[in-house]
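Below is one structure, written out as structure tokens, with a few remarks after it.
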Amino acid sequence: MRHGFPLLSGVDLDIAAGTLTLVTGTNGAGKTSLLQLLAGLVPLTSGRAQVAGVDLRSGDRRQLRRRVGWLGHEGSFYDELTVRENLVFAARALSRPVSQVEVVAARVALEGRLDTTTKQLSAGQRRRLGLAWLVLRRPELWLLDEPYASLDDEGRTFFDELLSEVLASGATVVVSAHDPLRSPTLNPIGVHLAGGRVVPT
Amino acid sequence: MIRTALLVAGKDLRIERRSRVLLWQVVPFGVIALVLCGLALGPVGVSRATAGPGLFYLVTLLVTLLMITRSHAIERTAGTRSSVATLGLDPAGVFLGKALALAIELWITGLVLLAGSVLLLHTSLHGTVKALPSIIVTLGALAAVGTIYGALTAGDSGAGTLLPVLALPAFAPLLIAGERSFRAALNGGGVWEWWLIVTVALVAYLSAGILLYGVLEES
Amino acid sequence: MKLLSQRLLGPLTLVSLALTVWMGLVVTPPDRTQGDLARLVYVHPAIAWVALYLSFGTATVASILYLWRRTRSLVADQVAHCAMEVSLVFIVLTLITGSIWGRPTWGVWWAWDARLTSSAILGVLAVGYLALRRANDDPTLRARRSAVFAVLSAINVPIIHFSVLWWKTLHQGATVFTANRSLKIHGSMAWTLLLSFVAFTLLFVWLLRARYRLEEQRTVSQTSSLSVALEQRRREGAH
Amino acid sequence: MRHGFPLLSGVDLDIAAGTLTLVTGTNGAGKTSLLQLLAGLVPLTSGRAQVAGVDLRSGDRRQLRRRVGWLGHEGSFYDELTVRENLVFAARALSRPVSQVEVVAARVALEGRLDTTTKQLSAGQRRRLGLAWLVLRRPELWLLDEPYASLDDEGRTFFDELLSEVLASGATVVVSAHDPLRSPTLNPIGVHLAGGRVVPT
Amino acid sequence: MIRTALLVAGKDLRIERRSRVLLWQVVPFGVIALVLCGLALGPVGVSRATAGPGLFYLVTLLVTLLMITRSHAIERTAGTRSSVATLGLDPAGVFLGKALALAIELWITGLVLLAGSVLLLHTSLHGTVKALPSIIVTLGALAAVGTIYGALTAGDSGAGTLLPVLALPAFAPLLIAGERSFRAALNGGGVWEWWLIVTVALVAYLSAGILLYGVLEES
């Protein structure tokens, strides 16, 4: 709840570990808010929720944030640093070998843009950088807000592959989207939001 | 903690180097402010040589405020906070790193300002050199407390204006102590008791930052 | 017992304040050097006491309680907020009564004396605290930030107290509470002074409680408006 | 061209007035840059171009900007003002009757959010506000960068209707998108970019 | 032009009122800066009554820098520039509107600062009132030139730091003239010639803004 406006008004949800959930809903239904809540990025002011063993009201949200990967509407990097520098920073912070940076950049087809300053990237390239960052981190819980937006066809295909791979490795994924998932092999559990609550589809 | 600190400090300094804000904007600003203040002292000029310490710290204060706003603006862009939050960096390390980067920037600016003060205001060179240890520590303490207050106001709609209100009272004692010790050095007085005072302040602020920064970062 | 004390607090405060006024204005004799002006001694130190130690102190302690993980609760945060508001009021009152006293004794309303300046800075810190609260609307973020700020600001209180010793000041040295615990003034004046402290302490408790009640009511009205808002929000989805 | 990187390297294009053009291309192909150029938002440093009678290198780009409508990746309003205040500001600036504000807000289904501060809007609601702003302006040349992104189904349908209406009124529209247009009645002229130049499809 | 100006000024003031930055942050900052400067003058206190004008304008300078950064930060958010650019507002009107809003904010802050100066620094009330016309015009001129320089630096990566460098030299003459006229008023001297000078500066800056703002906006 922010400024007295309840972002979510009735969400009763159980997401099992290792599953793929697809959150849909009209504009303003509360999808982004729900994902932000799960990521521990916004506080929970009423009701109860537990994510990955951390209670969202009384628990240590920093603990939680360390275990989730978040891909939001806007890319989230240091604009003045290059793609490589951003990834190296993340790798160091996570104690990953720096050599992985080139590997993940190649996976999202950004190897040609490694030395471009992040603020000069196109919208889709930013999205790809966001994905590269997540690939580097390999979190337990992936929270992806409209991941297809501004990706081109090739990018979307890559994303679908990534998703299957992630699920195969046992991680939990929650995706919000306006379009259905493209890959027919993915069988998401559908959650439909309207007016801040879950409605049966 | 130290690893995180070095990582963060390196990142901050790299961004600073890339954007050249320090070189092209902050340092010139400091020099201009110094010149203007010298000018404002009027043509009497009697006390210009002794005005050095006061002016130096006044300008340093302004520069510090600018640099803090900038240091935290880096973290504040659209989604940076959420992605960095999920990196799970040790907050104490982040604090130390940001404070270190800020301190280095302040030391560089301070050096230029001191040179300006010696050249333009005829502050005694000998006294200035004697005052250096206390100046270095004072600027370090400013960086430490500034980083805390920067985090207090980061991300606010009016961060640029709230920061000065909150930080000025905390800066004031440091500035006054720094100024007194500088003046004492110029007049050939004892500098070590002042040096002790600012060192205690530095240690106190560093400990406060290490303890409390984690609370602040959690948003 | 609790109920009784709650009922009694208001009347007790009023009675003790009235008693202070009566003692201060009627019973005690005028001062040898300052004349009737000295009667401000029954107001100004007690107000400063409330401002510095009771309210700013409460705000600080509540903030520490908030910062300490085991005692962290939004109640502590709200108490800190209320106490800081009371503190601001009393700091301003201290400045005003001090100025009124200063005009005839020192010849000026204001001087750049260490205690006066540090008191003024404390006032600015209190304003800063309230400004910081206004600037954040996420309750947890607000609580954390303002608690850190309150704790950092609290260093100013001992500075104010010892400023009369550390620097040569215009302001009166410690008169009431000297180190050797012997009162420097005597007789009815001493009793009245003591009474004034009791009266203003009661006033503080009363004000803080009233302010906190207001806060509680706001929370209650917020929760009831929450259910209304929730209903509206749900209807939004229904189309 | 910015910082020595040629954003567009070979675009030879003629867009007739009153037509609908669909610009496609992979991530980083130069779609956004092309539209920004046409809108007069970035300067042209080499080559020649003329939009709506204004030469992009020597002409008065302000003249041009007044006649184009731009919908970019990010919504573009005063974040601290409410939806209503933003629209009223635009209406006043354009000397339109203020009563139109409610009308256009209702068209994009934002009538329930008129008094919400813009920064609190969801991604899709921001998009809608952007469209409302364009509807209020009714420019001659519409430049829309990935208009479908973050709109829900209803929003996309509305957008398609708007497009037909705009074309019917004689305006020129250039859309960049990764998906084909949804409405079968719209027959866009396709332009495919790759590496900053037009390639035949 | 006037219509646009009123529209823009109204918008700026509304945003200001909404965020309460002026009330809660700028004004307290000004007061505290004044207090600190008073303190920095030391316990000597001899010249404090005469220091009023200088301090007043020094603090005003700081406040102006803060307010300009803010006034242009409003326009700088993500896409605001492109959409407002396509509104085709008359740049002269935009300039006048932004300058007007800034001037109103400066006048309010100035009033508080003058009160503080009278109360805290014992500046003569009579002289202050006599100086009011020149102060009003000087602050207006500051608002005008500040708006121009704000537009010059808007949107830069380091806008917060570039602005002071560029604006200080332009502000200096105004500040000096303002200070002299304030001082003259305090000493019972003639104020009208100073008033004339700042009025000419105001008119000059306003004309410059009206003529040049269009060029600046085009970026």
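So that you can tell them apart, the chains are marked A, B, C, D and E in the order they are listed, and the count of residues begins at 1 in each.
Heads up, the rule we're going with is that contacts are C-beta pairs under 8 Å (C-beta built on N, C-alpha and C of every residue); 3 or more make two chains touch, one makes a residue touch a chain.
No experiment lies behind these values; they were computed from the predicted model shown.
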Distance in touch steps, counted as few as possible, from chain C out to chain D: 2
Label of the chain whose CA centroid is most distant from the centroid of chain E: A
Most distant chain from chain B, judged by the mean position of its C-alpha atoms: D
Distance from chain E to chain C - Cα centre to Cα centre, in angstrom: 36
Separation of chain A from chain D, taking each centre as the mean of its C-alpha atoms, in whole Å: 28
Averaged-CA centre spacing for the pair chain E and chain A, given as whole angstrom: 45
Contacts with 2+ other chains: residues of chain C: 121, 124, 127-128, 131, 135, 138, 140-141, 236
Junction residues of chain D - those touching two or more other chains: 73-74, 80
Of all residues in chain B, the ones touching two or more other chains: 19, 78, 157-158, 162, 165, 168-169, 172, 218
Pairwise chain contacts under the document criterion: A-B, A-C, A-D, B-C, B-E, C-E, D-E
Touching residues on chain B, where the partner in the complex is chain A: 4, 7, 11, 14-15, 18-19, 74, 77-89, 214, 217-218
Partner chain C, residues of chain E touching it in the complex: 20, 24-25, 28, 31-32, 35, 38-39, 41, 43, 45, 48, 119-120, 122
Residue numbers on chain C that touch chain B, as the complex places them: 67, 121, 124-125, 127-128, 131-132, 135-136, 138, 140-141, 144-145, 147-149, 151-153, 156, 159
Footprint of chain A on chain C - complex, ascending: 137-141, 222-223, 225-226, 229-231, 233-239
Chain A residues touching chain D - in the complex, by the definition given at the top: 2-3, 5, 25-28, 32, 73-74, 113, 120-125, 127-128, 146, 149-155, 178
